[in-house]
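Structure incoming, see below.
In order of appearance the chains are A, B, C, D, E and F, and numbering begins at 1 in each one.
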Amino acid sequence: MRNNNIRDMWAKGEAVVSAWLSIGNSYTAEIAGWAGYDCVLVDLQHGMTDIQTMIGMLQAISSTPATPIVRVPSCDAPVIMKALDAGAFGIVCPMINSVKEAEAFVAATRYPPLGERSFGPARGLLYGGADYFQHADRSIVRLGMIETLDGLNALDEICAVDGLDGIFVGPNDLGLALGKGTLGDPTDETVREAILRCLASAKAHGKHAGIFCPSSSVAARRSSEGFDFVVPNSEVNLLKSALIAEASGARSIRN
Amino acid sequence: MRNNNIRDMWAKGEAVVSAWLSIGNSYTAEIAGWAGYDCVLVDLQHGMTDIQTMIGMLQAISSTPATPIVRVPSCDAPVIMKALDAGAFGIVCPMINSVKEAEAFVAATRYPPLGERSFGPARGLLYGGADYFQHADRSIVRLGMIETLDGLNALDEICAVDGLDGIFVGPNDLGLALGKGTLGDPTDETVREAILRCLASAKAHGKHAGIFCPSSSVAARRSSEGFDFVVPNSEVNLLKSALIAEASGARSIRN
Amino acid sequence: MRNNNIRDMWAKGEAVVSAWLSIGNSYTAEIAGWAGYDCVLVDLQHGMTDIQTMIGMLQAISSTPATPIVRVPSCDAPVIMKALDAGAFGIVCPMINSVKEAEAFVAATRYPPLGERSFGPARGLLYGGADYFQHADRSIVRLGMIETLDGLNALDEICAVDGLDGIFVGPNDLGLALGKGTLGDPTDETVREAILRCLASAKAHGKHAGIFCPSSSVAARRSSEGFDFVVPNSEVNLLKSALIAEASGARSIRN
Amino acid sequence: MRNNNIRDMWAKGEAVVSAWLSIGNSYTAEIAGWAGYDCVLVDLQHGMTDIQTMIGMLQAISSTPATPIVRVPSCDAPVIMKALDAGAFGIVCPMINSVKEAEAFVAATRYPPLGERSFGPARGLLYGGADYFQHADRSIVRLGMIETLDGLNALDEICAVDGLDGIFVGPNDLGLALGKGTLGDPTDETVREAILRCLASAKAHGKHAGIFCPSSSVAARRSSEGFDFVVPNSEVNLLKSALIAEASGARSIRN
Amino acid sequence: MRNNNIRDMWAKGEAVVSAWLSIGNSYTAEIAGWAGYDCVLVDLQHGMTDIQTMIGMLQAISSTPATPIVRVPSCDAPVIMKALDAGAFGIVCPMINSVKEAEAFVAATRYPPLGERSFGPARGLLYGGADYFQHADRSIVRLGMIETLDGLNALDEICAVDGLDGIFVGPNDLGLALGKGTLGDPTDETVREAILRCLASAKAHGKHAGIFCPSSSVAARRSSEGFDFVVPNSEVNLLKSALIAEASGARSIRN
Amino acid sequence: MRNNNIRDMWAKGEAVVSAWLSIGNSYTAEIAGWAGYDCVLVDLQHGMTDIQTMIGMLQAISSTPATPIVRVPSCDAPVIMKALDAGAFGIVCPMINSVKEAEAFVAATRYPPLGERSFGPARGLLYGGADYFQHADRSIVRLGMIETLDGLNALDEICAVDGLDGIFVGPNDLGLALGKGTLGDPTDETVREAILRCLASAKAHGKHAGIFCPSSSVAARRSSEGFDFVVPNSEVNLLKSALIAEASGARSIRN
């Protein structure tokens, strides 16, 4: 049975640090897997990545110490199942707006009678091992994103959904939803309060709380606040910043 | 007629700052193209990239202000021609060990009677424009790498080869060749001297001199030394460093 | 007009033998097409395959004597239409739980006024021929999967849906749905009875009945029971078994 | 801020001429971008193209003077958002059958509070510029297709939907829906009348009207009728015709 | 045993008409295969195509009546063998400058003892049939390109090489080599004479003569001159012309 | 430091059992890696695979217990270096005909001063570890193929080449070279004697001897003869046989 670093970290009471991949490429995925993260997330929603590319990325991550997970584009059962069949050990599902959606999300990740996942674990059998079917239900991590007004309004009910491991906050979308713009580390009081309410609700229901952060320092702060799944920016933002800085630096002392 | 930023910068007496792409991906190539570099190099030699992927990367770079160029895997005429047909406006050719190789390299980039390039400019016509054939010879930049003992020994003769725009120093391979290990910014005196000899020889023959650097600060220093084509590290090294730093930083103040 | 082997076999009163492709690759698809199957199915649901890869696989199968068909990931009209536009001459649709879904499935495969398929047959015109539009409706085969409790409960009504050619039994999912685990050739009496009920219902409504089997011997037995569309395992299971056996065999008499 | 040729042409009172890409290939996309069209549409619905291929095509189009747009396979919000994140500056959405669908389409293209688009503009930031978020709402063009009886019946209400820039007529599907077959330039009076009704309704509501045409001469005629977004056939039809003509011509005077 | 249309046409005393593919895409390859050509050539030299893409294109062509052939980038034995293993039934080899090169080209296409081809016919076995090894030597067609001064000078000796089926003239490169520019249908007397000398030499040695033409009318004329393998332009040139014409035509009668 | 199973097995005095991949696909590569082989070889020579596909396959194999190795298409230094940079821990080089070629092969795999490999280990650093440069020379395994008359004639000298780990026999090509046809397990005495001569020469020079076999039983026999690197057929042959057998079996008892 293949372990899931996310559950291992949580069992030790530690926060998970996840990489976030927007570039659809196996080599960068493998690099991220060796960079010290507990898990590496392939972003199918906003990443420049589709399903075939994701499969190669999951393979690449599987060759590293990190656990491969996927953010799906929406709460669409066939895509969730495909990501799991391809060996994802965790799913982050965007725009969970209601208990019904949260339940549908969880059901798509569980075989009957617990859920409605269709059988055919393909690459899951390679990564998860021959006993995949026995342990898949407890190996797979499910995080639902709270990032809309509807989601906020249904927060407590969503956090109570059985089988959901936790929630994940998208500060940009949450800020937009609250009419306060897109800031990775929101300064507006309404947004800040909403984020902390997400954290509190998750904790109150014995669930985990994750959040996307614009930097490692914000991630560390979120971790100290109680978030136990933090993402210190995406690899594409890191690359963009580094490339711009080096181009500029190379010209800086020319004369 | 499409301009070549490299020639424009040189005409202004300024050093070219080039990005260096080891990741075989069009999205990262496009990001590099917008990051402030004069040109962006697709590395077919050590990059995790092949020809089909290179074509997409050249297209992506063509949508940005940067000029697309290619490092080919070796002085192999069909590959050099393919890169040019695909729209590369410059070629960096590794392991030039002799005048004969330098001349073969140049010949592969020029149509008869100046050289032996076969006609069929494909995407070159899109990027270069309908007048591609008229201006290709003066648009394309040719840099031969000096990175072996043979290359060093033939340095002056290589620098004298007609049609070669300049040389490009690979400090790692040069260090290895001199038995002094692989350091991006060599500290060994033998290697440092050899690098400066490359620069001096290029200048003496009215040619340009480029060099791969491990950082923008070294690139800036090389530029001040007289190198007029500098590469402040590859995008993959920048990404790797940033990912490691962020993973570590996210855990740093957890308790 | 391109013939459909499935309809030809049925017209002769014979069972169709279909290959089943979980590997997203055109070369293996072509191999399957030459291996003696009446049709070759590209599995978009659990296969490690997406739409772009499927197109190449359908092309490869089209170069062989076998008829190309597709299992779609779900009853999602745009994907069904895409598979048809790409030249699939049959669709297997998973998880048909109700008459409404069966009807929606059929409608997605038929042009108005019979259904709701959008016009734009792309590669279908190449494989199907210039008269594709005239014969598509009777060329295309539609099989709905019965693999859930809801599906079983609505079995007779589903079998009665006009335009549906038949049903296809997924023993693994059906076993799971009945709480009896995943066995390719179920031994549990409840599951066995459910499978035979599917067969009987299809026959009673003049429809065809297909089933996925774990081996050719089970497929042959199913064929003798009356199933007229049998799949003797997937290519990936066959490959896996063969590779394991050869690795083991190569070591067996070493000392 | 990156301009949108479509809006520029409309501002000048001129009809937009769009290329239409059914071939999933970046090189042909780039060729189309240089061929004199105001915009180039990547057809995800009937084209032999999926999302990963689309991204490369949008990059290729971005290297040309043409504005890149996408026809999505259906009114599915995650796919619409993905196309926008990948840098599409316009969306053509098929089979708009009701006000509700038209509104859902528009909502998927607008950030809150105007709509429900999720934040993460990825390649949109490269193509659209750093100010993408500020201008995306007015840069992006939204055309809903009228091609079903339901769509025709709801025509006026659909044309009144706020945020919808206009409608786009698919003559083939409309002909099919009206029981009059698939003609690119319909001769049947019912279909012709329906098409002109679409045009009139769009104009009456201050919206734009587009139409797919089987040739440039029909496109020019449609433009003179008042359509201000015309497509003179797809690239695949043009290629097919040219290839057939040349094969035939090469044999024509052999003896 | 799979027939080769090229040999069949030649056996009937007719000229072969070949399509020429510069776009690296399986869909366009399949379209070409159905367009009426005897064979379809995948251009690895100047086409925007590499080996992996070529394999899919050969598969697509194999699903049509046309025979698949390949122009390799150069006389490089491993690439020639790869194209043959992938199922090419003919090779056009560029820049044959000497008898030695012509012999090396032929040797790379023949198994020992006739040549030096390595055994491993992969997809060749699928396309060519189980008896591939028995008939490959007489199925495969070998055409060497005469397009340089060296090639012209060695013309008669090259035409005499055993196993070479004929020569293929590249008018653009030949014109360049003769210092007369690149014209698809050369008007310069020196180039015209050189082309006819190629034809005469091939005939004198009982070999076939092919030529690339800028249009079907030139191809028909070349055929009447005695060339028995003619190419009426590439698909990319046809597409480009058609796209430009339609864009222009759509605007032509706007006011 | 990453271990190399090949060297580990040899150190224990055991024969290495290698899988052989002709299908260009990461999923099948990963399956092979879990099937019990010590190493998995990606065949760039006769496999339907190119360099970009190889990279994904090497990543997939790296996620399994097997060591990834590559057969290159020929003794071409840039391709050998690319395979190593991509993380191959062994190279099988075909058609070694002379000491000179054997030395060139070895030199391409070793950094100066031992050889001529260019520095830039890319993915090698991920798979091999941060200490890759230190241990690459002793980690990488080099096997030269003896499969031509020239190779046989130079057998002893080739086996004596320093840095070459051993030779690998291709029975098909060897049989062809000796004029005895292509048999995976040759019965002709001349070929059998030549194979055993290869084994004896390797042993006499303290080198390893490998051989491609048509089945696991032959592989086991070769192992007992003294070959310490055996390949029990390719995955494509296994798949083909299994598919044919199952198609046939499914029809066997139909009536």
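Here is the rule we go by: a contact is a pair of C-beta atoms (placed from the backbone, for glycine too) under 8 Å apart; a residue touches a chain by one contact, two chains touch by 3 or more.
As the structure is a computational prediction, the values presented were derived from the model and not from experiment.
Counted by C-beta pairs in contact, the busier of C-F and A-D is C-F. The distance from the centre of subunit E to the centre of subunit F, each centre being the mean of the chain's C-alpha atoms, comes to 34 Å. Chain centres here are Cα averages; for subunit A and subunit E they lie 52 Å apart.
Contact with two or more other chains is made by residues 24, 27, 31, 48, 50, 52, 55, 122-123, 236 of subunit C. Chain contact topology: the protein chains form a pattern that is neither a line, a ring, a star nor a complete graph. Those chain pairs judged to touch are A-B, A-C, A-D, A-F, B-D, B-E, B-F, C-D, C-E, C-F, D-E, E-F. By the touch criterion stated above, subunit E contacts subunit C in their complex at residues 26-27, 30-31, 34, 55-56, 59-60, 62-64, 123, 126-127.
On subunit A, the positions that touch subunit B within their shared complex are 14-15, 17, 19, 23-25, 27-28, 31-32, 35-37, 48, 213, 215-217, 219-221, 223-224, 230, 232-233, 235-236, 238-255. Per the touch definition, subunit A reaches subunit C in the complex via residues 50-52, 55, 77-79, 81-82, 85-86, 111-113, 116, 118-123, 133. Residues 22, 24, 43, 45-50, 52-53, 73-74, 76, 94-95, 147-148, 170, 172-173, 176-177, 179, 182, 236 of subunit C touch subunit A in their complex.
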